[in-house]
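Note that the chains take the letters A, B, C and D in the order they are written out, and that residue 1 is the start of every chain.
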């Protein structure tokens, strides 16, 4: 449906050419400082027209908080968000009245609803992602303030141009690449307009995008995202494993075709004895894993290591190049789509991936905090648990929980 | 949480070594013939001990319908399902009392709950998937009876052994492979115990699994699944796109590390002009697509073409080989896990993937039928829709809907 | 939380003195004519300042559809709705900075969130109900167009002034009163500003309200609501019985203290032999009930008879009269609340009750249509059902369903 | 649907004459001691055949925990519960093959599903409530251990026999009755088989039930329930107010026709100046209310005072007395229902009301704990809140939250 999350719940509305797009965010903890300015930076990173590599549609995308905040602090009540649509040019799309655009949503929306918005993809437009990015910025703000969580995404490939080490020969990611994941910042990512932190690769990527644009064509790519300092214990067995929610979130972004976490597809080729992440006592005295093929999640639950995953975005369906395709009537013809479109979506997809990641983590945090806080109120067990069911020496449930909370706050 | 779906909703319970595992299925349409025997075949395909390639744990996994069915017909009320656990050997696991097993869920369950089941992974055990498979068999039965839907999964790789054409050099799947997807049957898949429909590859896969087993090691692989004759119009924009729900479902299966639909990761390397699926008038007079890089889903909505996707399963974490790893106490040691385990999970994962696919499609069908049936009761519009919002010549919403229904029933 | 419904889902935002209040409505069937003008009438019936009996706060409450509608027709996508707050006077409330107002939500919001809106009750303000009324108007429009459903509420008591026959001596409602329920219209209800369809009683009610106002006091009352031509088969056993959802909906309206359906509290005093609604063949050849003590619902499912229920609203907590009460600090003092308030809420509650009723019925319709439409696609049973499980002579499930649909459309 | 709650979620299955009835409970906090014996007492209070006043159907209703508990302690994973149906006599119901029983669910189930269970009401049978009572016992156990919550229900009327002071002349409950609510125990309630704590009234009630039974008739009644030591801050504005969830829960119990909380229907007749609950500093130094017309809930949120409410149950529909009514075929006839039925359900309804109350409070506790625990992790505000938004002197959000937690644990 049009909402996401179970406690931190986001509902969005808006087509590409209606009066406004917006969102309602429920479940934001009360007492958090929040203003339009805290949301705007990610909106600006997402907005069209930000560089020569993106669609020339020009929208300031200025977000306005409608409710749920007073004196600059969240009330705990629903936060209404609105962004006015300004640069609307519905006339651009008249040609597509006769043609369902290939690999676009025109045809399936008509199959689903028996009616479709007159232009620009309606609800399937990239403008729909505004609400997500705004909501994600709020989630991320909480995660940062409460736990120091860091979420950074970047472009790891455009067409056949891949970041070095982002794909491997020996089926597992290199130490260097994992180190990059553990240190990369948004500032570094934004140093070029492709949003690839490896400048030489970024240059090649830019060339590839410009080539697509010059041919009135388009090209796909991948976005990699890392979540650092994620609280442990997140993810709900069995259907709402953390990676399942992340995959759901990512595949809900327009143009995505997949998801892989940790060692992903290539990792399946490696024997368990090599692939397993052995445990070690870390510098802080706590257990951690020596390697991180799991990608920060084991059994569907976060283990405190970096969570990293990769998301493929197909080449945009809307291209100005002529395409031979059938009209709604079945008659074959040649379509050259006018309108303003991105030749490659991955640079603008970066903040969207970050936003969806933040929404998943935030909701998981609230659910886990419900459990932890509630379990911590139980009296100590009269009979200690057997060693097979607890930490040796047996600890009372609430001590474990307290310790976890402290660790997370540290 | 422990339930999946919004109208066709499945809740499951059960650890690896408790009295029984089971499920409650809500929202099954009334009036459908159903008995234990309709569910059992997929249970049997999933059960352990079925071949030398799987765990020797021996469970008949005989399902018993508890409620919701009378005189062999569904009542529309919740269907209770139960499978008794029989071959329990909790003593097998005593060694792991001291060690969190690497890449297993022991440690994260303890982090999450402050307590863990004494053995065998508890809720993270593969026995948890019984409820899913049973529920999926019911969903699938409805989809087959009402729409003729066919869901077939198979093993597309084990370790580095891939089915021919399942991976490509030119970044797009071959015609041959797509043809295989359009014709493959479960009978064909079950011709060998690896469940790979290409016999020579199956032989190599079996060798690879036997090699792993002989080394007390394990190996991963991928499962590919195709859904044929899927009704059009399924999937809920924007957060519950059909592929997002499929990804969620697949990543909720233990040991999965990813998901890709249609052209997937490799497709991102192809220009839009090549990647786009042009429309054509098909033999039946309806619009379809010439190619199917989209994988049967556009804009998050099914378009009637084959839906196909691939799911990677990591090598099983539990191996009998010695592993150097830390104890719960932080002390380093050497763990050799006893117990009964699969050297490779993909053969048994085949029915689980099919089940989860069926659950996703079934729930989407019910939601879309709510919309279609409700829209069809509206009176005709007084003013016809403009051409840009409807099929030319403008059709009344209910005619379109009727036509869709007819098509689906045909 | 801040959303209501499972398929036809309404989320609202907004406090009493923020920029705007609004709602997002998901799940509205596509192809329905809809404009601001279809929503406004109920907004106007709800708005403050409409008569001398209501708060003088003056808000036009002009609703603006933001999305989900194009060319005056619903797209099936989320409908964003917004109403700007205009006549804000936060300074009215400074005195309550020191006092939690007795029987108001100031204190409990502070207990819950650790922070509260600075004035006017924040989210607990009656302005929150704007989103519900707007959403309800959309639901009602569909129900009217598709099924001819009629929902009419009215004031059945103010203080001790009750409509004749609305309470009974013999523990069951009179024939006259049930006849009034079966014929009452909104036009009739709106003939006086109290919204009581019995003019002499309305005059007494008005006197009672004026008396309360003149004493800077307040008074409570009850609203009775009838739903006519409700489709049969609505309500989901067992937890979401239709009356359970109606009760939930009504008790979610500010100031309500109860709910009773059909014979309600008094009906418990009557023996089963008298209370039971015997079946009769009605004029149209269908089964119906001779009496209607059940209130149109049996076993949690609508049976096609009129659904009627009553909702008590307490006297408004905010009064200008002096009240001895404790400050936040615990110190006793005397509070005389300034600000603009209703001396009696029931006249304005009428459209809110109607809106919530419409939301419940609409969501139940969509869920039931999912079931009916899906069941109707199953092939006929090979073995007919035994008579104990079906209508005699045994009918195929889909015939029954078809018949039901036809009846509802008739 | 067939599940209740959002975090502490209960799903149930089972008809009156199937193999077993059962439930799955998700979201139970880990680390809580739990065994069959903790659940059984409420099962036994609910079971049929416990006295001459109830149905002679004889079921031990022995509950068996299937999962989610090990070594007598909850694991935090889903708890599967099962109760076998034993004393089945489906043949008792053959006569009703021709007649839909008046005021029973036979007809509406057929309208809804197009098929019905062959006997005994199927899913609408009282046996369905077994799952609720078992789940409620688990919820209650947590609430007792963690917060000392006490939930006690009792029969407040049978037919026209009411407990003294349970209804009032002056429109508000007497001091004596409120005192009874604050002290009543289950032991006291169980002193007689009617479960009315006022023995003389209980004798009259018993007479009334015996009279109904001797006439092959039935009679209704009301159950009053009090929740003491309920944590403050429970209930989610705006749609999930605590009283809305309680009303939903109560109206989901078979045979209920209403709900009122606090001063309820009669309270609407009292002026605000009398009805308002003034604040006072209580003995423990905290704010509380002098009176409690609100019934422990203000603005939809619990305030720490006793929560009390009343639920009317209609006279059971199934009576052995002859009734003139139409057959399914429309033909009029005379029905005398055989089978075993309660002449009055309220004595057995007592534990069901308690169970549903516990489920509502438990779910609300988990949601509120998610909020509190998450808010408490935010750093202190740099700028203190204005006095109008906080307690004077301004407290930091987390201090308030801490204090609340401490109070609740005290």
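What we mean here is this: a contact is a pair of C-beta atoms (placed from the backbone, for glycine too) under 8 Å apart; a residue touches a chain by one contact, two chains touch by 3 or more.
Which chain is which protein? Per UniProt: A, B, C, D = Chorismate synthase.
This one's a predicted model, so the numbers in the text were calculated from it and none came from an experiment.
Chain centres were defined as the mean of their Cα atoms; on that basis the chain farthest from chain B (Chorismate synthase) turns out to be C. Mean C-alpha position of chain A (Chorismate synthase) lies 23 Å from that of chain B (Chorismate synthase). One simple way to say how far apart two chains are is to compare their mean CA positions; for chain B (Chorismate synthase) and chain C (Chorismate synthase) this gives 42 Å. Listed for chain B (Chorismate synthase) are residues 1-3, 6-7, 12, 27, 30-31, 70-71, 73, 76-77, 112-118, 123, 237, 371, 375, 385-386, 389, 397-398, each touching two or more other chains. Taken as a graph of touching chains, this assembly is fully connected, with contact between every pair of chains.
The part of chain B (Chorismate synthase) that touches chain D (Chorismate synthase) in the complex is made up of residues 1-3, 7, 9, 11-15, 18-22, 24, 26-27, 30-31, 64-68, 70-71, 73, 75-80, 82, 112-118, 122-123.
Interface of chain D (Chorismate synthase) with chain A (Chorismate synthase) (complex): residues 6-7, 27, 29-33, 70-73, 76-77, 142, 145-147, 237, 365-367, 369-375, 377-379, 381-383, 385-386, 389, 396-398, 405, 408-409.
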